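First chain A sits with chain B, and in the next complex the same chain sits with chain C.
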Partner chain A sequence: MLEPLEFAFFQRALLAGLLASVACGIVGSYVVVKRMASMSGGISHAAFGGVGLGYLLGIDPMIGATGFALACSAGIGLAYRRLRSGMDTLIAMVWAVGMALGILFVSLSPGYAPDLMSYLFGSILFVPARYVGFAAGLDLLIVLTVVLLFKEFQAVAFDEEHAEVSGLPVGLLLLALLALVSLAVVVLIRVVGVILVIALLTMPPAIARHWSRTLPQMMALSSVLGAVCAVAGLYGSYWLSELADLNVPTGPLIILLAALLYGASVAARTVVGRRDG
Partner chain B sequence: MQILWKILDASLATFLLAAPWILLGLIAAGVLHVAIARERVERWMGGRGMGSVVRAALFGVPLPVCSCGVVPLSIALRKQGASRPASMSFLITTPESGPDSILLTWGLLGPVMALVRPVASFLTAVTAGALAILFPGRADAGVPVLPAGACCADPCCGADHDAPATPTLRTRARRAAQFSFVTLLDDIAFWLVIGVLLTGVIAATFPPDLAVWGLGGGLLPMLLILVAAVPMYICASASTPVAAALVAKGISPGAALVFLLAGPATNAASVLVLTRNFGRAFIRSYLLGISIGAVGSGLLLDALLVRFGLDIVSRLPASASEELGVLHVSTGLALAALIGWRFSRGALRESLRELRDQFLMAGTGHAHEHASTVEPADPGAAARPAPADATPAIEIHDLWLSREGRPILEGINLTVRRESFLGIIGPNGGGKTMLLKVILGLERADRGTVRVLGRSPDEAQGSVAYVPQFSGFDPSFPIRVIDVTLMGRLGRGRLLRPFRRADRERARQSLERLDVGHLAGRQIGTLSGGQLQRVLIARALTMESRLLLLDEPVASLDQQIGGQLYELLAELSSSMTVVLVDHDIGVLSRYVKSVACLNRRLHYHESGRVSREMLEETYGHPVGVVSHDHPAPPRDRQRR
Partner chain C sequence: MADPLGRGWLAVTAFVLAALLACSAESVRRPAVVVSVLPQAWLVERLAGDLVTVEVMIPPGASHATYEPTMAQMRAVSRASLYVKVGHPAFPFERAWLDRLLRENSALVVVDASANIPQHPGDPHIWTSPDAMRQIASTVGNALADLLPDRRDELERNRTALIEEIATLDQELRRTLAGAEGRSFLVFHPAWGYFAEHYGLRQVAIEERGKEPGPLRLARLIEWARQEKVRAVLVQPQFSHMSAELIAREIGAELVTVDPLSRDWPASLRGAARAIADQAPAATN
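Our next item is the complex of A and B:
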């Protein structure tokens, strides 16, 4: 059990997984209760455009991804209050255009970009040390913002109209919430990749929702669940390659474990029945 | 003596170099002045939220108004319905950039800086506007007072808009020239001369390379410049050569940008006038936004210049004896002649008087009252902030609203006095919910005026409690009844402040009052429809507002509980105004003090009685002749 911990890469991967689970637990809870899954998908795929731009400009692709994700979340947030009905189409466009830009930028970049796949499907085993610091910083920012604005975010997520009638700056709070989503997306990209971010952002919170009565409970529980999936996925892929000589990528394994847990939770709930009666 | 000569020489060089750009800028400003109609300003600045902030900021970029002229202008706009955050961003971009200063920046610091300047100004304004939305401070007492010290040009509210509606090209051209070379030049001429002289002083006396002193780049020179620039009065055009001189002395372009942004945006006197009119919270956001925006833009500019290997070089010549070409000499002579002409016509005296007044104001902290040049101050405006109960709870005058071409409300007049209990009945689709949403500021009317508790609906948000008919929320949301009820304690000015024991106590009391105190810990989705409705009413009561609006509150309740609820509302109406809508008259008329019937048009009897004709009107003939319409006493139409 402790043996893989001797490797520096495994330690970093473990840290990255734990940091990602905090982001997915807190921000994912908002994504699930506010039904922002498709918006989050749009933002994560748009972030891929930023990765490509990073390669093109010769800066850290993670910086490019952060900038792109924040810009897209601002655009989506501004459009959201205006064209509720057309949102679906707009998100689909952002989604596709982000991917297209990413591929285009990478093809224009000098030289070959060997680890493009790692941004698409994640590469938790190869995260560089500076990513861990970067993710820790983003996590801190997310936690601080949510602690400071918890009651306002809750009000906007629960009942936007009432929040507006109370005089809350609903438009700005929504923008802030979407900005948090884009920060979480950036944290998660290295772990599970652009394509699978949405799964980690929704599955642990969706399970937690079955068993929580308050939003903080849901956040805590889904962080724990995310951590369990990440650690189990890491060890799983390690042992599979050690013992069975099977090369299983970690990101997809984490997602599949989460899906299994979700199924188990649904089954358990039908057996136990609704609590709180 | 030699140093004095050097100062004059450098000043003259600056003046000659700047002259063609200033002339071009003045002409552009005049054309713009004639092209922009006042109504467009109003339309752009209306509304609430980030959209209006961004629009107002964009709008302010090309407007050629200086930092003292923008104060009365923004207050006049605010009177016409611009929100405070929008006024804020307008107050920042307007003086920070205009065609004259942008062109001059191009001439003295090159195209990159000319592009950066309006963009940075826009970012600064949006930052400050966002701060104003996030930290609005206490709800203020309505409409601001037009200040004294309304000193200079006002391109939108000027008297020349009283002229005939469709002016000929010639009169337009004359008006543009009048604005360029009289109104605007009068405002900036004196300050331009000061700016040019200041540039000369910097060029002649500052050590040749400030970078040696650690002032070349980074945060330190920016903060020093910020401290000097915020209280300083300097117009955007005049600040440009000063910034160019600083760059020539080795100050980083980012630090020079801080000067270009913070110098024109604020001065000590305008801060005082704004504090008086917009409140302390506004000024905090304003100064903080300008500081963050200016320093942030400066740092960003320096970083970008390094990243892309660009440099911004001052084009200021060291001496007028250097080759400047016939263009600069001829335009310089022309500009000097124009300035001399305006000075001889009293522009110099006027500027000096303003300067003295501003010093006096800054010294005593009081704006002295003199007749404003913008519009005569409304003598009643100052006293209006109003004793709480004198103004009606709701005042609607000639309200019209349609959506997608379909008329929904037509010519609504309604005055609801304080502490009354009004029932509005009407068929489904008759516009009841829409009327409530207009009062709540959730929907905007096409025409007409609405005052809620003496304020506009937007500004009254947070003071009006609301119980919606259908709640949009998801019953499986992980939240307890007590948390939902506590949402009644949210609002402006509560940001970043946690709930206190008193808030929780208040929420519990409201739940007890509606007999649902025992459900406080339950998840919201486990309640029955009737329980949920009572929790939502408890949430509204927790707001402790003076006006409560309810949309069909008894629709999902059985008759006995509905009756209890009506009794409670009747009891509440002794200390607050209660307005509820319902789709039929039912038991309603036993409890309410007055009833209005709504089906696109409103039929209302002060007596509170519902006559047979009213019901026929409402339910029988949707657009029939109005026989029992008692409009509010005719008043001046305030808009359009």
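Our next item is the complex of A and C:
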């Protein structure tokens, strides 16, 4: 258990996984409850456009990704109130246009982009030291926002119309919620990449939902589940190559473990009997 | 129905035909030689100078593992006279594309740059060894002499000068690497196997079966490199630097970018030799 911990990169990877699980637990709970999975997928894929822009402008691609994710979440949030029925199509467009812009920008930028795959599929093993601070900062921002606006977010997430009637600024709250989603996406990109982000935003909270009564319980439990998957994924890929000589990429392993847990949770729920849900 | 081919059309057609003939006359004067990788382009330019035009299949910056030829390159191959292939069975580009390219032009003469060179299994980067480059110079020189029989003398002079240039570079690199025999160096993609063999060095690859290494391999490499006191980690621009950067940082070594696929072949070999020689334990150690 302790052997890989001697290496700074492994410690950094563990820390990155834990920080990511906080973001995915808190924001993911809203994503699952409010059924924003496809919006989150759209935002994360659109963030790839920002990665490409980063390459083109010669700045850190993560800064480009943050900008793109925030802009797209604002766009989706503004459109959401106006065109309910067309949302599905709009999300698909944002999703694909973001990816197309990313590829276009990368091919326009001079020189090489050999690390492109790591933005698509993540590279938790190679997170730079400055990422850990960056992710911790974003986590803090997410936690503070949720603590301050917990009641408001809960009202909007569970019953938008009721929230509207009771005089809450639903439009603004939705924008804030989507901004949180884009921050969580940015935290998770380094770990699992834009393509797989949506898995970590949905699976741990979906499992947690089986076993929690309140939203805070669900957030805490899904953060713990995300952390378990991240740690198990890292050790799993270490031990698999030690014992079976397999080079298993860590990000996908984390997600497959979460899927396995989800299956187990569904089975356990069936045996225990569904709680009033 | 009016005659669509009036005098005006006739003139235009004649003009276009004349232009086409002029173009083909131009390409008859300067036969095109196609090579797979940039160091071969350097070699053909040294051997043939302006007597031929050189078309490179894998452009600067592209990876020879994943590159696909463009439409313009397919056209160039169909008009070329000579194809210099790397000729190693483990070279992915030629494995995937050479047959398809050759189908475009049945008159194309193919010369195998690997001829008479002892090959390492799985490592196609034969041009990183000066010895191999000398052999390639003579193989390709013969093919060019067959292609341009009336320029034999000029080609022969160029070949002698090139072999001289390679020998001088080899002497220089031996001086650079004096005292470094038996030393190990880390490299992300193992492109320097022939170079290492030629100068008695030991190349250790970071990549794991062509992919980014997993956590266990990273850990083992870091341990090993600390023991060996490896001071330089080589990367090439075509591949991801993340794992190499990580290892270099952990062991306090310098990350050096050297491109084994550079068109400036001597500079590329010099870069590798200097990077490896610099890892000599400093006097303060």
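Operating definition for what follows: the second predicted complex is superposed on the first by the 274 of 277 C-alpha atoms of A that agree within 3 Å, B and C clash if a C-alpha of one lies under 4 Å from a C-alpha of the other, contacts with A are read in each partner's own complex, and residues count from 1 in each chain.
Basically, contacts are C-beta pairs under 8 Å (C-beta built on N, C-alpha and C of every residue); 3 or more make two chains touch, one makes a residue touch a chain.
Source: prediction; values computed, not measured.
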Chain B and chain C placed together on chain A: clash or fit? fit
Comparing chain B and chain C in the superposed model, the one touching more of chain A is B
Which partner does A:G167 contact after superposing on A: first (chain B), second (chain C), both, neither?
first
Partner chain(s) touched by A:F158 [first = chain B, second = chain C, both, neither] = first
Check: chain B-chain A-chain C angle from CA centres, nearest 10 degrees, reads 120
Q) Which partner does A:E242 contact after superposing on A: first (chain B), second (chain C), both, neither? A) second
Determine, under the contact definition given at the top, whether A:F10 touches first (chain B), second (chain C), both, or neither.
second
Q. Does the superposition put A:L234 against chain B (first), chain C (second), both, or neither?
A. second
Shortest distance over all C-alpha pairs of chain B and chain C after overlay on A, integer Å, is 27
Chain A partner, complex, touching residues on chain C are 61, 208-209, 211-219, 222, 237-243, 245-246, 250
The chain A residues in contact with chain C across the complex are 3-4, 6-10, 13, 111-112, 114-115, 117-118, 123, 125-126, 234, 237-242, 247-250
Within the complex, chain B is touched by chain A residues 33, 35, 78, 81, 148-149, 151-152, 154-155, 157-172, 175, 209, 212-215, 217-218, 274, 276-277
Chain B residues touching chain A in their complex are 49-51, 130, 133-134, 136, 440-442, 461-466, 468, 471-474, 476-480, 483-484, 486-488, 490-492, 495-496, 498-499, 522-523, 526, 539, 543
